[in-house]
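By written order: A, B, C and D. Residues from 1 in each chain.
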């Protein structure tokens, strides 16, 4: 009964098999392995982007920070949601990789940047001259950090505002496939067709061991990215083991299958929680993450039964009335089983 | 017949098995997995260093650059050999992670820093006041980039010079175990007992998929290292898969067995090359790397037969006399077989 | 009729005389001039801080950014007001000099950080572990960017909150003396006695040509500061010309006299504006800066008459009703004369 | 008898007068002053470069480091002489401002980069791929750090090698005018006509209080430079006082007159030293700096008489034979008088 994060889940068996298969004989190192050639072709095909540059790194923080470093200069600012992973959970990696760019925090309900707020911030007269940092990049997250999704139309709106000012756009897609499956759209519709310039295309949270692709639609940025990746220590010598994971992921729809399982588990968990207790969502659940409040007594039973999930809106006070509503973040992964949810909900019911 | 690098080799089967075993159920993420607790205990035990902090990262460049970043401030310089990996092969990663420290290059035969040259450089009167960068750290590599090893006594000499000036010391041990096996010494003798403060303890070139440990003997540096690792994108969410590799490595002497195989293959290759052709070593072969010159005609035969190794001292001129002596770097790995060497030498013989 | 900024004013004659006097014969360079010895003694005496380190730089941005760089590590955040000069007007200098620290923006009326908001921000449970940037420093500005002042008691409250968490404190005193004169307190009461660790002690806006002192009360930070100053290009070879300005400033109460003139001019300007037109202050005027709204028709007359001041709350719309209230920022300097104000107010009156 | 550095000299009276004249009334701040418009026109005219961007900063380290930051990316290296000020005397400022670029040190006699050595370094096969830092910029110093000058033809040779590889070129002209006067050439011949892209045009060592111009011949780099200057704290609010110095410098040939005085003093000092004692030049004296060895007994007499100059090739041993040859660096400035030199030489003679 582990709902703390989708990165607590194991690696999908198809991926582990691919690693074992890749472990035969010698392979050219540092990204020149043959599997990587196939991965690049897969990504270009699936994204309908025959010119895209494709790079693999091992962590989501890296994918985001390196992506932003080719979009924003040190004296620029990156616009993102106040709750963005890049702001809250990366210990300043964007600042490190960009050489000291600023992050300008935007508001918006349910983890989605409000287009009007973005427009207003950009229009403020102070963005003039050398005294301010300059407008550099927009970064959005889909699935958002609060479990909601942007539609392609919503992405297009934000990206258009950015491009109208010459600002590049980044999509933190740590849960790209969860969003894509939830929306029923194509990779292209969620990315370059909607105006995204660089994508962090996540795999680790969706069944890989530790691989994220960075997809750059503008070839002019590619060489700089390669140098930054090496300089950041993120170019793997035994790169074939990254390639093999991503190849398996993109083969036979595994990526979509795994994300579908996670999303379905999320929907089932929410439904069962609502039936079992006074569970009230804090945000619309649109993929595999649930945010909600429920009574302390049910929390107590769940935890005593060994369930693991994240306390939300600050740590829970140690004591309080039994019907006190306390918030949680719960995340389902590709490996979350119905049986596991049922056991959890039994605990909650008491 | 692959002698380009030990990082072209596959993962040792014991390590792959450990990955498969680690792939059961949920595990706590970001380095808090149970396997990591055992790895820390193993390292402390094997290094006889009960207070050591142990961290895992995925690339050697990262291990080096993060290590140096806790030893040298941005306004300091790092002393290293002119041929050091940190200088030559990391695209400026030490500069990036330290925030702009300088590397001061030292000379010395066969890839080993000359102690007198180090002393002289440190003693130059210009290291005064705010006008110069300050003396920051010493970094040595063992096995060196030219295939030789420092003895513990030689390390002690250099580290003492450094410590006498308040300069911290780093050991780039991408091939730590190859050196240790070659020297027949203990991990402690090669590191903290010889005056080393921080070790990059390599695994990737010796049969792992992509794991290096950073071992910090001074606990005061540990928390800063953790923050820098996260900020650099080098803290893995599914960290158990790094831990599992390192645990298998350090179990049942696998690390020493693999390094012994590589070193023995290196010795055998050198011996066979000398018997087969006019092979002349450029540097004493002391572990698993060979540098030498041999006739163009033999190179031609080897390459036509499909052998892969690195041209050395600049790319080989396209044409020249058949007996022209051309240099090579050849590296054996844990997986280099006698049969493979014999096939190669047959080609060389013609 | 120049009210755009106090840095549009000339250099006070006493200061210019001191420069001329300093221009005799040779002087030791890079801060080792004899005048600097006297300046250090003056500052220590006036601040009642015999151990303080005193450094001169030429711009306020430099004083702030270098000060913050010895208080906050790259992986930390600096708490400051949303309107802080360091956030809004330094093109990311704090990020640059700290090596990529973040700025966390705090709210508070009239440019003053709200102590409760600061406490709340610090207490949020997310400031844990390696995933977030760490709490690094507090920076306050006095006179604030909105023309108000913090009392010593208010500074003490904020500094105590910071120190209770091990966070260092910085005072941006670009208008330190204006605040001191307004408060009628001593330099010590406004700084170290109130819990400030490092002060940017401004001179440029108060009659110097271009000198700010950085005063560091903790001697342990001094050497690092010196290296950062040199590395940032901010150590002057002909340093005597900085020293001479600061010496003159601190001699015969010139600093207080100049600030008093500026503050009095500010008070007089506000009083006359209120008498002359429908002038409504946006913030309490407590020193030499005025923020207020007044009718478009009066703005038009003032500008046509050649008056210069800053439009506020965004640029003024080009056209609108004559009685539309439009905001301004007006700043008086040591050189603002009553005659100049009277001429301006005549224009405003129409 | 001060020969330690030309920056120990006072400000030329014409420059001080200009500062006093500039101190009238209000002036627009941050580089928008009217004097600066005239300075830009002067520089463009004198350099025959109507498109050049001209910026003023206050220190030579700043001029160099900012110039290099618009020529070299963080993952590139800057080629310079082993003795370059940027390498030896700036506490890592180039590394800081570029975001961690490397400096690759070149050899060459008498402080001048050897063109063949530069060519060889560039041609080494290792400059390939992402593993190395990339080739970024060439920086030369004229007058060199060893007191010699490059001719326009020599500069052209080096710049052509650089440009052939797409590498930009920087001239550290802290003593630009001393070199120009020594060579009898025009500013254009020493800079853009010889292939220089960005010039640090020194004033401080030649009679200004603290002003260096950065002249950028490629307008595409200008805006980035402006942002980096502000972000580095190097944009002065009361900028008119920088402009006024530079305007006076470039008016009525003052710059050339001052440099001529310094060069002539250098020639006279060398001639008199040779007549007075066993003075042996270490490098050809071509401008205002002398490097040479002379007997300990004469050093003793000079120092006891109060003369100040720099010991060279390391600090002098405290004791030794009277005829021991000890090295010195002596620098003459615009203000060095014949009488002063005569007094010094009398001491030396004994």
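As a working rule, a residue touches a chain if its C-beta (ideal position, glycine included) is under 8 Å from a C-beta of that chain, and two chains touch if they have at least 3 such contacts.
Quick caveat, the model's predicted, so the values are computed rather than measured.
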item: Which listed pair, C-D, A-C or B-C, duplicates the contacts of A-D in over half of its pairs; value: B-C
item: Of all other chains, the one whose Cα centre sits farthest from chain A; value: D
item: For chain B paired with chain D, centre-to-centre distance based on mean C-alpha positions, whole Å; value: 42
item: For chain A paired with chain B, centre-to-centre distance based on mean C-alpha positions, whole Å; value: 34
item: Residues of chain A engaged with two or more neighbouring chains; value: 74-75, 90-92, 96, 99, 130-131, 227, 230-231, 235
item: Chain A - residues contacting chain B, complex; value: 2, 4-5, 7-11, 16, 19-20, 23-29, 57-62, 65-66, 90-93, 96-97, 204-205, 209-210, 227, 230-238, 241, 308
item: Touching residues on chain D, where the partner in the complex is chain A; value: 30, 73-75, 99, 130-131, 134, 224, 226-231, 235
item: Partner chain B, residues of chain D touching it in the complex; value: 74-75, 88-92, 95-96, 98-103, 124-126, 130-133, 314-315
